[in-house]
Structure formats: structure tokens, C-alpha cells
Amino acid sequence: MLSVQKISFGFKNKNLFQDISFELGAGQLVRIAGANGSGKSTLLGVIAGLISGGTGLVSFAGDDDFRQWTSWIAPDANGLVSSLSATDNMIFWLQIRGIKLPAGVLEKTLSRWGLTGDWIQTSLPIAKFSTGMKRRLALARLELEGSRLWLLDEPLFGLDDGACKQFRDALDLHLSRGGASLVVTHDDRLLDRIRHDTIVLGESGI
Amino acid sequence: MTQKQTAPQTWVENVRTLLTHSLRVDISSKERLVTPIFFALIILMLFSFAIPESDGALRSRMMVAESQLAIFFALQIAFSRTFESERVDRIFDHLRLSPISSSAFITSKILHVLLIGGGTMLCTGVLSIIVQGQAIGQMADPVVIGTALLTLLGLTGIGVLLASITLHAEGHQILFPLLYFPLSVPVLLCSTEGLIHWLDSYRWDSTMRGWSVMLIAFDVIYLTLTILLGTETVD
Amino acid sequence: MTARKSKFTLANSLTVLLALVFVQWLLAWFWVPVDEAQGEVYRIVYLHVPGAFASFLSAGVLLVGSLLALRSKSEHWLNLSRAAAEVGLLFTLLTLATGSIWGKPTWGVWWTWDARLTTSFLLALMYGGWILLFGAIPQGPSRTRSCSILGVMIAADVPIIYKSVTWWRTLHQPQTILRTGGSTMDGDMLSVLLFGIAIMAVVSINLILVRQETLSLEQELEEKSLGVTS
């Protein structure tokens, strides 16, 4: 699904990481680990194409636009417009991917992620949401987008134990259905029961 | 979840989704809609303070100056706004990772600014009829409206491109007008001179044709540059 | 090593060129006849017009640098653009200053919204804006892209502004247009002026290249020193 060959990235003469290579196939999960500032998010950004200036080769399977089947969770942000409601935000992000949901699915999914009630779903602007609620909404979007490849950067940021567990189950389901995922996380709760490979940055490769 | 339908959006659908979203964001925060109108009102008021009793010729010049100023500054508000919503919460990065064509993105921005600018122009016109007793016939003149729309088009081209360039620059609030002003001079010059000439004589002569052709030429150049280069900035 | 060597040659040739500028000035001061209408003051034309020419030429170099940077996405060409913008600003300011000094005795005012003065004024603003934008974005591909796009816009705008402003002023007050047209000048005056334009064109290109080398060396030095500390 995703093949990364010898990618390096650095500022000036200092290399942040060098010659990272790995393959990610259906049902597989690779964890990127390392100390703060070791370049985990940068690596994910370079792979996703958000950060340019690196060297090496990143190839996504298939001839179509990889963005059509890839979803991203940012470490410190959720990509939500603060003046709009949860539903309006969701509709925009799903529409732009050409996803049409049958009636009731959006409401049910949001409720499952703990965002229950008409008021919270359609009236309350995101600005009034707590950190955890915004993260729940972003994860609900991830689930609804139904992409094959998930690029996750600290997905558990701001979540309570219940939501952590729920997301772990969602990730498990995603992998069992043949999805793949690249995960940056410090939190062992997420991956303790999921089979995965680890790339440690700041040391020598895999 | 299995009944969900997915079909990649076409270019036109991309533009429509992005534009509707921008407008929805505008409506959700009311002050965004009110500011340009409020602004136009203030400009009209300032002009009536400066020139209380105006004769015919002066009045037509005043009208031109008023509408140009109102459009110029209201558009500047629109430009800084149109990329403002993407600046927060990494929405811009999320958009870059969504299957959107960059030309669709730029086109939706141009259309968005045109809509806001057109709305402001309309409000300025209506307000100047109410506040200053401007003749409706003078405002509803097809040449006046046409020139105003062409000005809007040219300014939108420059503004959207500059807004996308300065998106990541520090102090873009200061940088933007500094770059916007000199680059917009040709468009403003042609439209101002053309309008004044028209309102003074109401004759479609060679001077009038000259200014109009130049205005159209600038619009074409600026919009082409924006679509060609603007996609570079968001890729 | 090669970079340093070429800079040395460029700097050397600059000395030669400046000597030529001096020769042209000597000719302008002592050899060409005095203008019948304006008197001695007109001699500033031998600095003013070549300066204006160089400021337009810099916009051309800015265009070339920007297009090459957009194509190759390399910072090397961005340095050329930056050098062109700086040298362009310098010559535009020179043009404005000499124009102003010339305007005072001839028109009686330091400044008027004459076609060419307006064009130069806008050009100075645009060069300044380009340099500010360069400083406002951190080094990287996004700066290369944004600055190059602005460079293309500015270069595309120079003839547009010139054309529109000239037309605007020609329509309204043709009497204020500077009368430096070839037809009113005698042969000696014209040849010294053309000589001056040619020299100044080469000087400006030379300055741009020297500045580009300096910027590249500065960058290299910065990278090297950062490499040592990390």
C-alpha cells in the first residue's frame, strides 16, 4: 500500500533522520517511535507530502490519487472550523471526498463517539467543544472517511480512557478489514494488544 | 457503514463544495458579513462630510472615488478573510491531504472573493442612493456597473494570488497591503479614468474604448497569472 | 573554491566598469555641449536615464531568476532574484533622487505625479515589498516558491504600469513629459547618453552577479558553521 525508500530529511547540515525505508501492506501497522524532537511528526509529514525538501522515494500503491484513500490525524489539531457545528464540519470533509452517507449514519457515529444529542451535533459551534470532544470528532471523521491508509500522529491526544479503548477497537477493526496504518504515539495503551513493527528515530533505523 | 457511497468529486463539484463551505463559514460568523457593509457606510459618510454640497461634475467624480475606495478596501478585508479560516487548526494541511485539485481550490477562492466583493458593491450602491440621494439612473448605468465588475475581477485576481503567497509569511497583515497597492494601480487607474470620462461625457469614444480594452487586458493577465501561479502556492 | 575565484574576477571587472562610468561622467561634464533650453542642469540626464534603464533591467533579471527558480525549485536562483531586487531598488532610488533633483529647477517642484516618476515610485515599492517578503518567510521551498511568484508578478507589472501611467499622463498633461527624446538631442549628447546606458546596464548586471555570489557564500558559511556546532 505504501513503500518508503531511503528517505532523509534535515535542516542545513544536520540530518534529522537518514535513509528510512519500510513497506506497509494490507493489515499492517508500523509505529514510529523516538524521543521528543527526533523527527517523528516530520517523518510522517514528509511521507504524506506535507513537508517538502526531503530526499528519497515515497510511493503509494495504485494509479489513482492517494489522497482519495488516505486519512490523516494531526498531533495538535483537528482541522475543524471553530464557528461551525460538528455536523457542518463533518459534512464538508466527507463531501470533499465524495462520500455520501445514508440518513442517520452520521448521527449514530457521532453518538457512538460520545457526542450525543441534537444540540451538540448540530447547534453548538466547535469553539465551545472541549479538547477531548474535538479529538473524538476528528476520530469519528477518520472512521467515516473509511480510508485504507491511516496516518496517525498522536491520535490519543486529549482522550479519556473510554475513548482510548474505543479508538483501539476501531483501529483493530480497520486492520482486520485489510487497512493499514502508520502511527506516531508515546502512549503504549494504544498498541499494547496490536501486532506492529516499530521504527525508532534517533537511533540506527529499524 | 457498508451502505456508504464513495465516488471521487469532479473538478466542478470540488469548486462547489469549497465555495459553499466558505460561504457557510461566512454566515456562521455574522461580523464577517457586516464588516464590509459597515465599512462602505463609513466611506460614504466621510465623503459627505468632506463635500457637503456638490455640483454635477464633482458629484460624478465623488461617486467614482467612493465606489472605488469602498471596493478597494472592502476587498482587502475579503482577501485577508478568505484564507483566514484555513490558517487555524491545520485546516490547510487537511485540505492538502484531501483529494482536491489545487486549481479548484484557487477558483473557489476567486469566486468567494468575487461574491463578497459583488455584495459589497451592491450595498455601497444602494447605500449611496439612500444616504446621499444619488440618482438611481446614474448608478444603474450598464457602463458604470460593467466597469465596476471588471475592476472587481482584476483586483480579485491580484488579491487572491498575493493572499496565497503571503499565507505563510510573518506579518502578512502589513505585507499584504504593501504589495497589493502598487500591483493594483494599473487596474484602478484604468477604471477610475474610464469612469470619470464616461460620467463627464456619456460618450463611447476612442478614449473610453482605450481604457476599457486596457482594463480587460489587465483582468485577463492577472487572472491568468493567478490561476497559473496560485496553484503553485497551494500544491 | 570556484565560487570565490569567480567572485574575485567579478569584483575586478566592477572596478574597470566603474572607471568607465567615471570616463562617461567626465565626457558628460566637460565634453558635451550645454542644453539651450535648460542650461547646465540638464547634465544630470547622463546619470538619471542610465539609472532608470538599469532599474528596469533588474526587473528583467528578477523575471529570469524567478522563472528559473520556479522550474528548478533551487535556492540558487532565488539568490539571483534577491540580488536583482536589491540592485533594482538601489537604481530605482537613484532614478527617483536624480529625477527629483532635476525636477526642482526645471519644473519648480521636487515631486510631481509625472508618468515616469510614478512608475519609478511604484517600482521602488514593489522591489521593497519583494525584499520584505523574502525576509518574512523562513528559508525553504515555500519561500522559494512565494518569492519567485511575486517576482514574476512584479516583472509582468513593470511594462503594464509603465504603459498605463504613460497613457494616463499623456492624455492629461503632455507638457510635463520629460523631453529627452532623440530628435531634440544633438549627436554628441545622444552618443554619450547611449554610452552611459550601456555602461550602466553592464554595471547593474555585474553588481547583481557579485551580490548573488555574496549571498550564496553567506548561505554556505551559515550552513557550514551550523554544521560544526551541531
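Going by the order they are written in, the chains are A, B and C; count residues from 1 in each one.
Quick note on the criterion: a residue touches a chain if its C-beta (ideal position, glycine included) is under 8 Å from a C-beta of that chain, and two chains touch if they have at least 3 such contacts.
Model, not experiment: these values are computed from the prediction.
> Consider the two chain pairs A-C and B-C; indicate the one with the greater count of contacting C-beta pairs.
B-C
> With centres defined by CA atoms only, which chain is the most remote from chain C?
A
> Centre to centre, by mean C-alpha position, how many angstrom separate chain A and chain B?
Roughly 37 Å, centre to centre.
> Just give me the whole-number Å value for how far the CA centre of chain B lies from that of chain C.
Centre separation, chain B to chain C: 32 Å.
> Express in whole angstrom the distance between the two chain centres, defined as the mean CA positions of chain A and chain C.
Averaging C-alpha atoms per chain gives centres 51 Å apart.
> For chain C, which residues are shared contacts with two or more other chains?
Residues 142.
> Touching two or more other chains, which residues of chain A qualify?
Where chain A is concerned, no single residue meets two or more other chains.
> Find every residue in chain B that makes contact with two or more other chains and list them.
As it turns out, chain B has no residue touching two or more other chains.
> For chain B, which residues count as touching chain A in their complex?
1, 3-9, 13-14, 17-18, 21, 24-25, 28-29, 85, 88-91, 93-100
> Mind listing the chain C positions that touch chain A in their complex?
140-142, 222-224, 226-227, 230
> Which of the residues in chain A come into contact with chain C in the complex?
12-14, 52-53
> With touch defined as at the start, can you tell me which chain C residues reach chain B in the complex?
Contact set of chain C toward chain B: 70, 122-123, 125-126, 128-129, 132-133, 136-137, 142, 145-146, 149-150, 152-154, 156-157, 160-161, 163-165, 167-168, 171.
> With touch defined as at the start, can you tell me which chain B residues reach chain C in the complex?
So the residues of chain B touching chain C come out as 158, 161-162, 165-166, 168-172, 175, 178-179, 181-183, 185-186, 189-190, 193, 207, 210, 214, 218, 221, 225, 229, 232-233.
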